[in-house]
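Letters are used for the chains, namely A, B, C and D, taken in the order the chains are written, and counting of residues starts over at 1 for each.
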Amino acid sequence: MNFQARDANFAARVASTYAKQGAMTLIGAELVRVDTGRVEIHLPYRDDIGQQVGYVHGGVVVMIADSASGLAAMTLVAADCSVLSVQHSTNFLAPAHGERLEAHGHVLKNGRTLLVVEAEVFAVRDGHRHLCAKLTQTIMAMAGRSEK
Amino acid sequence: MNFQARDANFAARVASTYAKQGAMTLIGAELVRVDTGRVEIHLPYRDDIGQQVGYVHGGVVVMIADSASGLAAMTLVAADCSVLSVQHSTNFLAPAHGERLEAHGHVLKNGRTLLVVEAEVFAVRDGHRHLCAKLTQTIMAMAGRSEK
Amino acid sequence: MNFQARDANFAARVASTYAKQGAMTLIGAELVRVDTGRVEIHLPYRDDIGQQVGYVHGGVVVMIADSASGLAAMTLVAADCSVLSVQHSTNFLAPAHGERLEAHGHVLKNGRTLLVVEAEVFAVRDGHRHLCAKLTQTIMAMAGRSEK
Amino acid sequence: MNFQARDANFAARVASTYAKQGAMTLIGAELVRVDTGRVEIHLPYRDDIGQQVGYVHGGVVVMIADSASGLAAMTLVAADCSVLSVQHSTNFLAPAHGERLEAHGHVLKNGRTLLVVEAEVFAVRDGHRHLCAKLTQTIMAMAGRSEK
């Protein structure tokens, strides 16, 4: 699907919002692509983001999927809008282990008040991507809400 | 609902699994209650787990809800079983801001292969709990899977 | 939770909306309770609502859960508002077989624009209720939308 | 994605299961395509499957999406396996109104015990398809379960 941004400055706006997400810094995630309706976040493997069997914690997987898809929504809303997560649902398809994870978020439905976005999370091992989770999220666009 | 643990030693087993979840240490979460079918995790507020408007990041909210409900499932499975998250869904009901968050996980359905668990996340402000998110998770019990 | 209706005439409004849901008539469902924030729908067993192993079709289970929880939301919105389903998620906990099914819908979060509602579906066998499914739904309240 | 059927006779097996789903007959749905990992169900518009504003009832939308994706799973399991719906989640993207609805189900993850499937539901108006809902479902494959 091809979408039009309402605000030509969307990439700077998304980067600025991302920089305020302390939780992304904490886990070592990196914003690597911002395009109309599409955002990509990478997460190099570290021991301290794991769970009991050495894979990346499911909550961390969701964290990058949530951010990538939420920011994908943000590329399409007006300059004075912030985005709020209403609901999300994630299916865990395969163990999240590899050199890094990649979350690829994209917009499925670009509504005025509500947007529906998806993210696929891939585990990269030996240079190959393996789909390990898929998230679907409902986002509300809120006019006139300023960030910290 | 009242459930019976299959393994009398469940509390030590859950605490040991929790201790291996590096991601929980990273965000500063604390395991505060382990009972049959019920687990509680607290998360004191810190700036580095936030998002752009100063609330706790939605992914972090999901992380503690996922752990509390997943470990609630673990209290009921046999000693040689590990638990695997198959799917979860979260509704965000109110902003996650306060002195701390509390995730209360409990088992809804205790099946042999699949368990369905829920977690409520409360934001505690001035000593009062405000429901801010609710997660539902499907868990698969896997016999004979050992942890790291 | 206790909620206040914005419109004292909510019960008649809900009954009128229900009467327009041809799909509810088609499957033989009955609206049996309408209270502030709570609605109950019953569905007597019939062969023609089944699936391949003789239980009630999962889609039919969802249909009554969707209606019960959506109408529970409707009890709380203003008189000129209609309600729109944004998203829902259902866990199937046990086979849906018995003399009848009962869907009990209730409101979890009563927001101005968005409401979050839940429904439990019970299969009634020999007079006892067995929980067989649980649905969570996000509802948008739309001002000034008239029905057919 | 390309999948291999474990049972060469999958199309006849799926058609036979579909024929036992009385609820599909009740609403007038038609099975129009069965391929490895893909199933398509069409639903011509009728007044008696509607809701209060004249669109197709959300529960009916879910019913055909649930069947199309569940049967897509069934194309891939062994001949003696039945499929059981564990959980599903649906986003409603646009009103379900048109000459007919089409549910296109496909397999996302083909696991041994669990399969994850998706379905897109399109409303067809003047010969054009409009995406109106998307469902994601978790399916459990159960060996040795016979149908009625």
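FYI, contacts are C-beta pairs under 8 Å (C-beta built on N, C-alpha and C of every residue); 3 or more make two chains touch, one makes a residue touch a chain.
A quick note: this is a predicted structure, and the numbers were derived from the prediction, not measured.
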- Query: So which has more C-beta pairs touching, B-D or C-D?
  - Reply: C-D
- Item | Taking each chain's C-alpha mean as its centre, the one farthest from chain D | B
- Task: Please compute the C-alpha centroid of chain B, do the same for chain D, then give the distance between them in whole Å.
- Result: 33
- Computed distance of Cα centres, chain C from chain B, in Å: 29
- Just give me the whole-number Å value for how far the CA centre of chain C lies from that of chain D. 22
- Message: If I count partner chains per residue in chain C, which residues reach a count of at least 2?
- Response: 86-87, 89, 91, 138
- What residues of chain B sit close enough to touch chain A in their complex? 17, 20-27, 47-54, 56-60, 62-64, 66-67, 70, 82, 84-92, 145, 147-148
- Sites on chain A touched by chain C in the complex: 86-87, 89, 113-114, 138, 140
- Residues on chain C engaged by chain B in the complex (per definition of touch): 89, 91, 93-94, 108-109, 116, 131, 134, 136, 138
